[in-house]
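There are two complexes below, and they share subunit A, which is joined by subunit B in the first and by subunit C in the second.
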Partner chain A sequence: MIATLGNFSIWLSLLFAFTQFVSSLQKNNKKIIKFNTIAAIGLLLFSMLSFLCLIYSYIVSDFSVSNVFQNSHTTKPLIYKISAVWGNHEGSMLLWILVLAIFNFFIFKLYNKINFSFVTNSLKIQAFVTLGFLFFTLLTSNPFEKIFPVPENGLGFNPILQDPALAIHPPLLYIGYVGFSAAFSFSVAILLGKDKKLENNILLFDCMRPFVLAAWTFLTIGIAFGSIWAYYELGWGGWWFWDPVENASFMPWLLGTALVHSLIAVKKKKILQKWVLLLAILSFLLSVIGTFLVRSGILTSVHAFALDPSRGIYILAFIAIIGTYSLTLFFLNSKKFSDKKYVTFLSREGSILINNIIMIIVCASVFLGTVYPLIIESFTGNKISVGEPYYNSIVVPIMIPALIVMGVGPLLSWNDINFTKLLKNSFPNFIFVFINTTFFVWIFGSFNIFGLIGIILFSWILSNIIFTLISNYSLIKSLKALNKNKIPKITNSMLIAHVGVALLILGVTASSVWQKEKIIRMKTGESIKINNYQVVFKELNEIKGENYFALQGKFLVYDKKKLLITELNPENRIYPITNNSTTEAAIHTNLKRDLYIVLGDGNSDKGRVIRIYYNPLVIWIWIGALLIFMGGLISMKNNYNPSKNSI
Partner chain B sequence: MFFTLVFSIFFLNEAYSVDPEEFLQNSKLELRARNITKNIRCLVCQNQSIDESSAPLAKDLRLLIREKVEEGHPDSEIYKFLEERYGEFILLKPSFNMSNFALWILPFLFLFFGIYVIFLHNKKSKNF
Partner chain C sequence: MIKKLLAFPLILFFFIVSIFFYLLIIERNPSDLPSALIDKKNT
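Moving on, here comes the complex of A and B:
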């Protein structure tokens, strides 16, 4: 019953999306407004209803729905019954459509007297994209498909997905991917616009900003949750593996980063409009290509939960259509947006431009690495692998100049600045960087070139922010209005996000360069030393969880003074329903380091293989990501202005 | 009763993930061997190195690599041996050869092109 209602709601959503598309093609403004109001609200309500229906079917374990049967089980805890809705291909498409409808609604809310044709065009494109995904869902991946006879119980689902971080990872990521659809629609709408006046067009670019910020911000935190999950679930103390699916989310993130910053340049200096239009189109195309790579199962990867060629072909065709249309439009109509303004290196806009280009180079390289095995295989039949070592040797060196420029960016003004003045302004930074770097290298007690570079970058970004803040503050105090144009204002959002990046670099560097590892065989009662900590393997217990059995180790950790710090309980779990096993690492975190224990194989005679990691400063990776997220949120709030004088 | 049964079925068999007994006594050689195993793909897993894998084949390869390192073969020879025996797919870091030329060169071309674009923009702007 509820499932039928859900299915019906998808069809109604299709109807509303179609109405919006057709209505936006009309000439009569009054009619457009009337129909688009109904369509935008209807699409939102019914896509939400269908999504809620699916959630309901999961909660009550309605196994007459094939999707529920395949991905759920009565023994599953409630929270994971709900997260199972988007933990599979069909259900996640419904979420994807809901997010499209939400963004569609916010675009609709922008309607006012001056931007009428622009918003209408945006809604038209957004409706087209939504239609594409609705048809995709209905034709190839309907989550409400029935099965008969109704099975007694479900097949359960992949237990490594039964996890809090992974429960919210997909929704966050989807807000990111789908958010770029709004940027895409705006970009195409601007290209379709007839208004030649630059001033009016700048206002349109302002509309794009909160949407791009939303997409980028949520993509950031979505990726961070995926990494946190990988960190404690995969059991190797690592958090980024250059898996093709990770790359699929990283590529739009890189372009999103470029886009977010370019939009600032558009607002402040009225430059880079053409550039922004292209970036917006590419970000969304890459998001969809990412979906294609994941869903088609074309890449062998842990995330490939759908292996159905018809889906791949559909998405590929969809990418071809929207890609050809938008890029052709761009090459035909973008000329009027090219600016011939003066851009020098030593200016805020110069630093943004340089960073943009580096982000695109990194994105192109990651793309190359991800699809290269596919290309080689289809041309020569040879199978090759492009793994972590490739990306580390290509991407990391290219990123370094971007981070140097990022550090100096806030120090620069929107106009030209001369080099000696910059050097003079940077002088305190050099001292700070020197002291800070010496301090950290001294703490870790070992020299490593990558460690050194990472710490210098961290100090550089941080010191620039601190000193710019100080100079801003003293200037405000003394010469309030006089120097207004000389020293750029630093917004809180930018400050927070950039400090986040600095801390992220610190965490990434320290945890990858100064990680310590012990792999040993231990019997209960034995102990081992790792970096001033004494770890005692106390006992091994058999426990029973809600839908799994586990072997649980009890480890006691003592510090140098023999004081008990913590008890750690890593587990080896077996989920008998699907016959899957997982390892659950036990982690003790503080601001200085993570202690990370994994229980391996073995038996009571020989002892068990235990892996212990001492991971310095890992928590700063997550704090950094959180700060970037917060900076994004603040900026989003400051930039969203729905029409107050709506029509 | 059922409880013990489950444990005896699932937990008593020895798996094949990294085991300290595999390690070489000589820490310098061990470091080299470990590094090689991190760059070799587990052929039966999904996107994992043999260092992380618990598949029997991965264990065999780990032992094989350590044997070779102990016998005094240089890294390049070991990589080459593995590539000849199992195909290029086994190398997580693709080798620099004719068909992988673009993979290694293009990022640098992107970089030069990017620098060129920046300079071009700068020059054009100044003339304006």
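Moving on, here comes the complex of A and C:
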């Protein structure tokens, strides 16, 4: 019954999306408003209802629904019954549609008399994109498909996906991917617009900003959660592996970063409009291409969860339609957005432009690395793979100038700046960088050129934020004396996000450069030293979890004063329902380092393979990502201005 | 010249989509593609 209601709700969502698309083609403004109000609300309500129906089917273990049978089991904990809804292809498409409907509703709320035709065009494009995904779901991936006879129990859920971080990772990521659909719709709507007045067009670009910020912010935290999951679940001691699935989320993030900053330049200096239009289109196309790569079976990946070429053909056809339409429109209509203004190198807009170019180069390099095996295969038939050495040797050196520019950006004004004045202003920063870098190199006690560069970049960005804060504080103090309302809010979000980037660089640098690894065979009772810690393999026990059996190691960690620091219990789990095994790393975290132990194969006679990692400052990667997320949220709040009387 | 540059994303897009399409319609096994990460996982 509930499954039938869910299925019916998807069809109703399709009807409302179609209504919105057709009504947006009308010439009569009153009719458009009337139908679009019904359509936007109806689409949101029914896509939400269908999603809730699927969640309910999972909670009550309704195995008459094929999707529940394929991905759930009665013994599964409730949280994983719910997260299994979006942990499979069909359910995740339903979530994708729900997020599309939410963004559609927020676009609808922007309606006012000035932007009427622009919002109507945006809703038309958004409805078209939603229709594409609704048809895809109904024709190839219906999550409410029934099976008969009804099985007594389900097949279970992939154990490596049964994890708290992965329970929230996909929804966050989808908000990011789908958020770019709003930027895409706005971009196409601007290109379709007939108004040639620059001031009016700048207002339209302003509408795009909170949606891009939402997409980029949630994509950032979504990627971070995926990375946290990979860190402790895959058991390799690392947090980023340049897997195609990771690259699929990283590429739109890079373009999103460029887009977020370019929109500031559009607002402040009325430049880069054409560039923003292209970035908005490409960000969404890359999000959908990422989905295609993961779900079509065209590439192999450790966590590609749906491999079906027939679905691939559908998504590719959809990409071809929206890509051809939007890029042709860009080719034909973008000329009117040429600003013919020159950007000075030593200015804030100059720093934004340089960062944009670098982000594009990095994105192109990652894209090339991801699709290069496919290009080679289609032309020569040879099968090759592109691994970590390619990405590390290309991406890291290109990102270094971007981070230097990011650090100097807030120091620059929106106009031309005198180089001597800049140097003079930066003098305290150089002193801070020198002291901070010396301190960190002394702490780690070993010299490494990449480590040194990373710490300099971290110190450079941090110093600029500190000195910007000091000068902002003096500015605010003087503004407060004049008029309270003029206190700038937006720079705070930028500063928080940039502190996040600085901490992220610190964590990435320290955990990559100064990581220590020991892989040895150990018997119970034996011990090993890593950094200043003594790790003792105390015992090995068999334990039983809610839906798994496990071998659990007991490791005692002592510091150099022989004081017990912690007990770590890595596990090797076996899930009998799905007949899968997983490795659960045990990690002891503090602000300085992670101690990371993985229990490998072996037996009591020869001992077991134990991997122990000492990872310095890893936690700062996650704290940095969280700060970027918070900065993005604050900026979103400051930039979203729905019409009070929407129509 | 600028007009030609504006067509570049479109041309690149067609090139990429054509490759994807070709790989979808031919008989192939994607797991034949070597994957450094999957190899790492199996060791």
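In the analysis below, the second predicted complex is superposed on the first by the 629 of 647 C-alpha atoms of A that agree within 3 Å, B and C clash if a C-alpha of one lies under 4 Å from a C-alpha of the other, contacts with A are read in each partner's own complex, and residues count from 1 in each chain.
One rule holds in what follows: contacts are C-beta pairs under 8 Å (C-beta built on N, C-alpha and C of every residue); 3 or more make two chains touch, one makes a residue touch a chain.
Note that the structure is a prediction, hence the values are computed from the model and not measured.
Of the two partner chains, subunit C is the only one touched by A:S378; subunit B is not. In the superposition on chain A, A:G132 makes contact with neither subunit B nor subunit C. In the overlay built on the shared chain, the residue A:G323 is in contact with subunit C alone; subunit B does not reach it.
In the superposed model, A:P171 makes contact with neither subunit B nor subunit C. In the superposition on chain A, contact of A:D243 is made with both subunit B and subunit C. By the document's definition of touching, neither partner reaches A:G6: not subunit B, not subunit C. Of the two partner chains placed by the overlay, neither subunit B nor subunit C lies in contact with A:G553. Shared-chain residue A:I313: touches subunit C; no touch with subunit B. In the superposition on chain A, contact is made by A:V609 with subunit B only, not with subunit C.
Judged by the document's definition of touching, subunit A residues 234, 236, 241, 243, 300-302, 383-385, 387-388 lie at the interface with subunit B and also at the interface with subunit C.
On the side of subunit C, the complex with subunit A involves touching residues 2-3, 6-7, 9-10, 13-14, 16-17, 19-25, 28, 30-38, 40-41. Across the interface of their complex, subunit C is touched by residues 234, 236, 241-243, 278, 281-282, 285, 289, 292, 296-302, 307, 309, 312-313, 316, 319-320, 323-324, 327-328, 330-331, 334-335, 338, 371, 373-375, 377-378, 383-385, 387-388 of subunit A. Of all residues in subunit A, only 234, 236, 241, 243-244, 300-302, 340-345, 353-354, 357-358, 360-361, 364-365, 368-369, 372, 376, 380, 382-390, 393-394, 398, 519-521, 542, 544, 549, 551, 572, 574, 576, 581, 600-603, 609, 611 touch subunit B in the complex they form.
Interface residues of subunit B, counted against subunit A in their complex, comprise 3, 6-7, 10-12, 14-21, 23, 38-39, 41, 46-47, 49, 52, 54, 87-94, 99-100, 102-103, 106-107, 110-111, 114, 117-118, 121-122, 124-126, 128.
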